[in-house]
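Pasting the structures here.
Consider the two complexes below, in which chain A is the common component and chain B and chain C are the respective partners.
So, the complex of A and B:
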């Protein structure tokens, strides 16, 4: 009886062990792509181990492509041109590429695997993107769900960014979330501050990175971020400026305003800010200060659902309501518009701007992905 | 039982005793992956490959290890483990050589492991006491039969896209009705040769 049990166990273990061994050997053989060479812009070559995605391989080589969704293939910001060795277009890339981009050999770096020698083209500006180690020096509640976090860059590094650009913050594992993700947040601080940056981060329910920031991050912690990235920047000009933001979309706008103050710009600025109730409003004191310091700056907050206790006597309704009202006073022939908020808000605002004579080439926006 | 030549079994497994349409084994992936001919063909080839290999390997293991030691009752576990290993191997192979097919098949590639047609074929060959050659031909035939039916269904479904189907029947409903009609068609072959 005992020998029978032993025999059965031994046989099963033997068969399973053999199969496992066989599979390990097969994996070495099939899924080992060996070292590959990536030629960047036909000038720089790097030798890398094959097998992972182009995005993470380049990250390891300290070449940081922007990626707002962290490599899940949903945001499309890691697009780059692969002229050789990319392999066939994958079904996961199709929804994010236009016909023209496909013809131009544009691919998603997070989906393309490095399997053979590659030749890619990326904008030179991406080489200035660096990875920074930083320490959290301040965490401040702006509203009940938006925090201002200040990061001091450690070491001799300095960050040189244009107002409106963003960084990608890397979360670390916490609680039962084992994975580390990276998410994009716009810089709110002034661009002449090179040793620290401020981010405004709104708690997204169930969000991996924002939950980490709101509930686990504390002052003194060390974090990593990469940046600066993005082409949402203030354009040269002398005409009036319309700014529209909602919630944490405040961040890049504040950076713009600080830049305008520093450069002693004389441009007239009208800033529409949308919130739900009074407790969603923040930075009101700063806005008052900006109104004093700037030549001609008007801050117009609007509440979509003010509560009776709010005693709100300002603008009400969605942000489009005050926009329609005040746009008459703005010279729409020469003005530029900068929008930051949810895709729905941006769509509605662009429509109103277009209807009032602001052409799309003068409208710049940064939707939350 | 009268001896059937492997070739007879091969063709019988494709037409008269189609594993999908007469035993209704392997329905899950048949219903889900029969939307495009290309993907259906890929999965069909994968299933055929796994069926042929596993029927041969399972035969060898059953008659050289399990039966001599009198532990035939372990065949369910041993067969499924072997099927899993072969599927893993196939997965690596497809990942290496056709990433498009790999992404299109998605979860249904590893799920070939629990495709009941595969375990079914291995168990049938034991129950019917086939020889080694008969078993391999039975496995390959069953696989090709499965491939034939899923590709035929995908072809029909590609055309269904342009048809007006009553809302209640869209999706799995109409597919099940069509499989029933196809099954009746295949039963028409059954007079030619019988393999149980």
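So, the complex of A and C:
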């Protein structure tokens, strides 16, 4: 009796599975949606083959929407407005959309399939994001776990970016990792340099992209990245600039400093860099050079747990300690702050800055970080 | 028995290179649900709930985060947290992203250490999943219970 029931259940499950498999195969091979037209911002039209997600279809057309989960429908960063042709809302989209967004025709580009003509609206800034082919020309250890990687852009392409922006580097298959992933890395080089970029990449234990960079990438390799992206940029102003960073957060700050040198800025800049021990410090010679080249620049590194061997006579404690001591002594009315590091560091800094008169509209950092 | 498309998707997300470098299964050939059930039974034996463990792991993580990468001496334990920028999804596929945080908790008494990520804590709390045997971030429930001195005498 029980074996009969089990057999029937197994049979039903088997049939269900086969039907589902058949539907997937049928959709892939027999459902030909033909060419479709996507109208972007009522001004640009592209003719594309139907059948894939809007996200990947736009990618193929060199229109790069942000994506933090690789199109898995879990991050919501690929939201865009589809005013025509999107079809009914999918169950996979619902949890990530508010009622207001649904009313405003916002959809997840990675979930919506291109099956008919579509009209979409996206921020104009996304059109300036390009995909670049580049060659690795330099890999240099900055610390035991941070490498500087220089990429020379191949072909006639040039990258036009604002200091503080980042690119999405695409890894390639290695070892057990069969698919490519993209990860954000802030550009550390000067925005004057249009044929190459420098990134500072810190190894994350068991990280997909950073393991590839640290253990598999070699000088001479060709890679792809998209960019520039991000709104973390230097703002107009005449007041003092406070910069705070830790680890690879050094990258966008270096790009800011290079820009201030190029533009012969007269603004006073004080840069606090936090590390645990001396072996986490880097770019000290460059900072000395910047101190000479800039009108009024001070670099203040602090070690939170210096080793006895470090023979450290500089600031000690969390980076917030010297930063707090400093801003309590200055007039913060016009001062701006630029932060780059872990969300924990950013949260602690914002609190101290707010308590000392630097309002949130004058504090800048990458919100997705 | 054939898997449903939903289960196939779930199984794909647990593979190496999909969400994490080495995946979540290690060399464990059991079904994800069987792993969850077996680990759940260990907790039951000690009269513990998933949330008890997740709360304790969160407590250590929060203490570690305060020191921004340095070691935090909590008396019996030393905690250190590494926090990379960026966010990652959960392999179970529900909406939401998790910070890339790795926590090390070292017990001075037993000289044993456990390592987990913020995603591991979420997976224990929400899904009862501790990782497949042999996976790099697998937490062995019995080791965690002993190291954190939790639960009654379930041995």
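Note that the second predicted complex is superposed on the first by the 271 of 369 C-alpha atoms of A that agree within 3 Å, B and C clash if a C-alpha of one lies under 4 Å from a C-alpha of the other, contacts with A are read in each partner's own complex, and residues count from 1 in each chain.
As a working rule, contacts are C-beta pairs under 8 Å (C-beta built on N, C-alpha and C of every residue); 3 or more make two chains touch, one makes a residue touch a chain.
Quick caveat: nothing in here was measured; it's all calculated off a predicted structure.
Of the two partner chains, neither chain B nor chain C is touched by A:172. In the superposition on chain A, contact is made by A:87 with chain B only, not with chain C. By the document's definition of touching, of the two partners only chain B reaches A:113; chain C does not. Using the contact criterion defined above for the overlaid structures, shared-chain residue A:69 touches chain C, although it does not reach chain B. Between chain B and chain C, C contacts the larger number of chain A residues. Contact with chain C, but none with chain B, is seen for A:366 once the two complexes are overlaid on the shared chain.
Overlap of the chain B and chain C interfaces on chain A comprises residues 16, 20. For chain A in complex with chain B, the residues that touch the partner chain are 4, 7-8, 11-12, 15-16, 19-20, 22-23, 26-27, 30-31, 87-92, 113. Chain A contributes residues 10, 13-14, 16-18, 20-21, 24, 68-69, 72-76, 95-96, 173, 176-179, 181, 183-184, 202, 204-208, 210-211, 246-249, 274, 276, 304-305, 318-319, 341-345, 348, 366, 368-369 to its touches with chain C in the complex. In the complex of the two chains, the chain C residues touching chain A come out as 1-5, 13, 16-18, 20-23, 65-71, 81-90, 93-97, 99-100, 102, 136-137. Residues of chain B that touch chain A in their complex: 61, 65-66, 69, 71, 74, 77-78, 81-82, 85, 88-89, 92-93, 95-96, 99-100, 103-104.
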